[in-house]
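There are two complexes below, and they share chain A, which is joined by chain B in the first and by chain C in the second.
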Partner chain A sequence: MNLEYKKSIAWMRENLFSSIPSSILTVATSFFVLGFFRGLFGFAMASDKDWLSVLNNMQLYMVQAYPEEDFIRVWISVGLALVFAGTSIGLWKSTEESSLSDVFSKFMKVSLAFLFFTVVAPTFSSVTDNDGIIQTEESFPMETRLQLLIPSAILVVVFFVLKNLKLNYKFNKSDLLCFYLAIPIVLLWIIKLPTIQLDSSNQRIIPDPLMPIADTTKIPWTIIFGLFLAFYFIGSRFKDSKNMKRTMSISWVLLPLFIFSWIFKKPEIDLPTILGQDIPIFIGIFLVGALTITFINNPIVEKYFSIYLGVLIAITGIALFISIPILLKSALLLLVLFTIVIPAVSSSAKGKRNLIIVWGVSLFTLSVLIRGGSSDTQIIVQQQSIFGGFSLTWLLAIFGTYVSFPLGVLLALGRNSKLPIVRLVCTGIIELTRSVPYITWLFFASVTMAVFLPEGVNFELVVRVLMVTAFFSGAYFAENIRGGLQSIPKGQYEAADAIGMSPFQKTSLIVMPQALRAIIPTLVSSAITAFKDSSLVTIIGLIDFLTIGKVIIGTQSIPVNFVGHDRENLLFIAFFYWIFTFTLSRRSMKVEKRLGLGER
Partner chain B sequence: MSIIKTNDVKKWFGDFQALKGISMEVQEGEVLVICGPSGSGKSTFIRCINRLEQHQEGEIIVDGIELTNDLKNIEAIRSEVGMVFQSFNLFPHLTVMQNITLAPIWVRKKSRSESEEKAMELLTRVGIPEQASKFPGQLSGGQQQRVAIARALAMEPKIMLFDEPTSALDPEMIKEVLDAMKELALSGMTMIVVTHEMGFAKEVADRVMLFDEGLMVEENTPTEFFDNPQNDRTKLFLSQIL
Partner chain C sequence: MSKKAIVSLLILSMIAVACATEEAVEEVAVEEEHDHSDESTLDEVKERGFLKCGISTGATGFSEQADDGSFGGFDVDFCYAVAAAVFGDYSKVEFKQLTSAERFTSLAAGEVDVLFRNTTWTQSRDTELGNDFGPTTYFDGQQLLGRKADGITESSTLADIDGLRVCTNAGTTTEKNITEGAGLAGATIELVTVEAFAEAVDKFIAGECDIITTDGSALVGRRAVNDALNDWVIFPTSPISKEPLGPTYRSNDSAWADVVNWTVYATIIADEYGVTSANVDSVDTDALPELGRLFGANDGELQTKMGLDADAFYNVIKQVGNYDQIYSRNLNPLGLFREGGANDRWTNGGLIYAPPAR
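The block that comes next holds the complex of A and B.
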């Protein structure tokens, strides 16, 4: 104990108080940091804050006006994402371990911080009243303080004792993560808060102190968490399988597409059309592609391949302009794209088999999306967009990034291209998109875009916003990626040339992987920016996560009056944003570490 | 039979003429050493042979194919001509094994297992089979250069070009790279080596050339070149370097 104490004194002397300026800096910064958290804690705990305004509006925050009878779609989407997360955590299971006393020490630190801020939290706070006069009132009275002080002090003591028992049971860090996630799920069942409801005459408010928080969601959450755990264990069984990891990575890329279409539409399925039209088209086009892959190395096929490709392109070109099912048009288009790349990638028997699987899966995905996209929806919402609240923020951030990233790669490559027309077009797109503010583009999406679309083509506002966002952040991605491309030494290009690689292979195998890895921090900060900038859509009448808290809840009077309680909602929103961005940046730091390993 | 033939090759960088008409022939299995002061155009010349630089006048015929702007010809020649660079130019994001098998798998369309077997064989040949799973950044300069040699050999080239392969190395690492090159020369590979290593030239080369200011000023067997130089420029060069 004594030695440990001496060690920490030595550490402090070395790192915090090594010289007079550093001592001043240490004192000053800790003063500011502590002051900030003290104020924050005092704000959160003040008696006039109504945190029920956050808790009771969780549904509004998450999905806003999504019809309640279709919530199952949202739950399945969330469940799927968490099942994927569980599988991934299992597949990439951490090899690090921490002992029980480490866990207790962590808990002790948290409760100690809570205790500390309870003690130092300000008793009085300034309040601006309606006339703009600042008044001081007692916001954190002694009895509240004591109510918090005693339990937290007990917790600190308990964890301190547990920590010093030096229990050395080791736990895997991934297992521990699952345990931590279980805590909020258990709390959903235990913690009880008054929930406000309307009675039968739609008038009175019945505070029911025995209702657990989130009464309607605790069962779905528990089921989802159970599935999460199950898939975590399945994943950890397969943690040495490279194929599983690869499949999982691809599934992650496809997941947002699925969730988007699943929440966006409940298509009116017309069984005869599917049986009589969609399935024959799928089978027919699939067979053409599969046969091409199988016989590509046959000398006769090789000889006439360019003629075959030409005919295929001609047929597709004609098909685009005659009236046939849109599924057939897009399937033909995919077939052409696929046929162009077949000679470059297929060689061995195993490679061919994999390629046929890829072909089948992508054609199937396309068919499902086109069928869903071209059918009418049964989900009807009385407002601009079916997405609202966090679902809208999520959609704009994730989907915007997913679309804009590949677009950015293409634009960056195009801008570096040797072909003057491609270079000109890409440079034009980038410069045009970047030189106009995002808000202007949003107005363009909401007001002007319809003028530019062909007659009869009309997109939902959300889709138009997504298109604009894709181009806008795509342009920024493109410039970042171009920076990465410039950091690749000329020797790498020469080395790739010297071993006879084609320009496509050079870009995809040598240049792009290195360029992207050099700019991971920039890419992540672009993604974070996109996530936060999505709150600007409020300007064109979409209701995002921030708007719910600031505008809607701040003026809510039914079923309970929350007018004026927008500040606690803003704090909650800030915290919510912070959790997501912080997780993202931590993940990216881990990825960087893993990729950078071999380079230094 | 001559495998490389150049005829009056000229090359300009802007106003500066780097090559002022080089005509030469290399026979199959021959080891040719090119030396000369820096800026004499020797690197530019061998980089023209696999079209990393474009010559503007004259003709270069490699293995019966003339180098023109036709992309197919260029790719065909590049897969027959291996090149080793002064600064190694290994791919830092790939392991040693992946560096070597990349071209056989993607350019020659060989199977992974076959390429890896071949790569191990080559790594054993250059003396570093135990480094296969490391990244280039974890190897010493000499080891990196030997990996670069193995990478070029993995394409089973007919000709190997070496562009000052030892200039970026510590003195004690030069030997291991030269040994690998000697072994290669003894196996009958056609090689063009731009180097300042006169010991290597004396011992291994079949012919030595001296370049100066974009011209080939002397061409001779190593014994004649070192013991009985004809040109004054050669005498000066040798007196400075030896």
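The block that comes next holds the complex of A and C.
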């Protein structure tokens, strides 16, 4: 009996069987978990399940009717996201290290778990046949089990031995992460999957032949992974650069917007409009902003600044409701936001120069995004929208969070405002939105909203849904943020007042950073909710990720019949959502740790 | 200027960008105002350059979306046929997948030009909802499905389902038909309503209900797929309701109605002459003057007066096929055959009949 063995016995006695009630709980819970696993496994392995209905429809799940000749755009979108992820992992490279024996111990645990589940997996599953009689069939025969058991047992032994060699090479945890990610890429090239093949008379060949994964899947993934690694190394080179980190954070915010407005959409670009409209607007608005920044400390300008700001706000307000290019409207809006903050931040010459650069870059980004977003798409699909399946789910989730978060901040600040009108309006919006179920809002978007809109204005259904989603989750964000605002001691406000901060400075530098930091867990759970709630759009006829599996795949009869295979698809969908939400919540836990939440 | 200020500024500008981009998306959707009142849908469709066709989100054999995102099915093929007639190119269609709740609102709002969405032609839908219905493309009827093991036979009637649990989809005419029918037959049933037909079948297989009921075509299809020809029985032989399914368009639009109707008729007439997409080029139009007129070989006046090209219906047959081809291609694999049913040619005792082209 070595020490380790004794240790684990002691651990079990202490944690699992410390008293009679806890022993009962341990046994009962294990029993329940085992039963659940066996049920699920039996369900999945039963012969009436056709898992190829999931595998064969991956393209439909991801992009629905997006044309194959433009798939390069989808790959670029995915690739960009992973390149950014690689750079970020490099930039924020972990300082922790694990030794080789830790790695082997992890591998041993995984193989042990695999071994355990292979042992306890049920041999038989039940299938209801057409007579309504439940039959038991052997779905996981002994030889299959042995084929899995022997290699996994060998792996366990190998890793156990390797672990106990106490190899003390240290590896960086981020490097290890990249290594782990390489495993699925290597698997792509090795494994063979059953694939649906049709014979000359268009009948499915049974049993499905084992084929290597299609080149159109594995080559792009391999290239993307290569880029991921390359950018990981580039990122780790710059890991001490604060500027790179800052640029990266902002790029993460812009990336989805850029993907949706330019890459995925393939906007139709018309040069005369750019030359005759976009560039003049950009130059004009840029000059106004730049001049304001330059001359802000001039006594005459200072004197009339509040009048200037009032006029600007009025012009923008009017501009929103008249028919002018959308770029002009949003550029004016940005100008107003900038002009409000100018007096607070530009005092030195260096500050002014930086601010002009920031102003130029933001305005340029805005112009580029608006040009892409407001142009017609060149992608020709057979259905109304180029967004369908997971791309629609993602669009709803991203825009739901992006638009509703700033909206929530504004609503929360408005609700805490001292101005009664602002407070009333914000409270009204929040309470009205929250007191009506989301599904009702969706029906409002789908059926009723057309009545409220002015004559001739006709939004696409997706856009209407984005609008109600923005308000709905915005109201919830607002309430969460209000909770954060109220957690800030009064002394903080008073201190900010005492050193003569303007209300804007007080809010942006003292209040909001603390409030947002306090509510990160709530915000992440709101974002997860927004992601999952996007599946509700199925009831108003938008084809999102869930609808593909639930409605469309279960009706396919030509050329391969998948009628009636909706349950395995539902299980797959559940698993897919779980992966995303689980990753998201784990990431947020890391962020919390980094911010030292709950350690004050 | 402090770094914090730069960061906060950037965040603010990002917020603005986010807000503005949303508006940008909105702006795209603002369409030019169209005055529907004095313009036929036909002109609108021609001007737009493609047809907007409303189909079901998913109905086996009728409107399906394949794994590569392409559409197919009986209803979908008729959409293709209309596009072939209007543009001479069947692919100029944009499909809109509609739930049964939103199909008529969508049509009324002009979001689709025509519905081929297994929609039953009823008096109230025709008269109250501002729709007109075209020629029936598929004669369906509600039937019931039970297990032979439960003592159900093909000669069973509604009276035989007394005391049984019946599953059907909620909020449709199907539900109303079965309640009314069972009431008249004096049978007390326990009605279990589910959201979609697929769920009803799942419940039936799991033994949570003894009978499922919906349109006969769906029942036959499901029985074939589940390989249950010997175990599941569809009854009664003559359906308990009439469900004529066909195209739906906005009322008072004769020019457009003619185009849709005669596209359907053209497929039926071609079937009567045995003209398929394979042999349409070798048809002797001098010997068959009706086909000559229909395909615009002799003179295309009939079509040009409708606002179509002279060879519009030739394109329909060439690119999509005749009625029988459309039917066999989509519904035969599901075990639905024309022979002896209501959807057979009128010369064989069926109901598929077209007025003459002259």
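In this section, the second predicted complex is superposed on the first by the 509 of 600 C-alpha atoms of A that agree within 3 Å, B and C clash if a C-alpha of one lies under 4 Å from a C-alpha of the other, contacts with A are read in each partner's own complex, and residues count from 1 in each chain.
By our rule, contacts are C-beta pairs under 8 Å (C-beta built on N, C-alpha and C of every residue); 3 or more make two chains touch, one makes a residue touch a chain.
Predicted model only: the values in this text are computed from it and were never measured.
Asks: Looking at the overlay, does A:532 come into contact with chain B only (first), chain C only (second), both, or neither?
Replies: In the superposition, A:532 touches no partner, neither chain B nor chain C.
Asks: Of chain B and chain C, which one touches more of chain A's residues?
Replies: After superposing on chain A, more of chain A is contacted by C.
Asks: Touching A:145 in the superposition: chain B (first), chain C (second), both, neither?
Replies: A:145: touches no partner chain.
Asks: Give one of first, second, both or neither to describe whether A:218 is in contact with chain B, with chain C, with both, or with none.
Replies: After superposition on chain A, A:218 lies in contact with neither partner.
Asks: Figure out whether A:509 sits in contact with chain B (first) or chain C (second), or with both, or with neither.
Replies: Both chain B and chain C are touched by A:509.
Asks: Output check: A:547 vs chain B and chain C. Expected answer is one of first, second, both, neither. What do you get?
Replies: In the superposed model, A:547 contacts chain C only, not chain B.
Asks: Just chain B (first), just chain C (second), both, or neither: which does A:266 touch?
Replies: Touch status of A:266: no partner.
Asks: Overlap of the chain B and chain C footprints on chain A, residue-wise?
Replies: Correct list for chain A: 347-348, 509.
Asks: Contact residues on chain A for chain C in the complex?
Replies: 56-57, 59-60, 63-68, 128-133, 246, 250, 253-254, 257, 261, 326, 329-330, 333-334, 337-338, 341, 344-348, 350-352, 354-355, 358-359, 362, 365-366, 369-370, 373-376, 381-384, 388, 399, 402-403, 406-407, 409, 446-447, 450, 455-460, 463, 466-467, 470, 508-509, 539-541, 543, 547, 550-552, 554-561, 563-564, 566-567
Asks: Contact residues on chain C for chain A in the complex?
Replies: 1, 4-10, 12-33, 52, 57-61, 63-73, 93-99, 102, 105, 109, 147-150, 196, 198, 201-202, 205-207, 221-222, 225-228, 230-232, 330, 333-334
Asks: What residues of chain A sit close enough to touch chain B in their complex?
Replies: Where chain A meets chain B, its residues are 347-348, 489, 491-492, 494-502, 505, 509-510, 513-514, 517, 595, 597-600.
Asks: Over in the complex, which chain B residues touch chain A? Could you list them?
Replies: Residue list for chain B touching chain A: 50-52, 75, 78-79, 81-83, 85, 87, 89-93, 95, 102-103, 106-107, 109, 111, 134-138, 151-152, 155.
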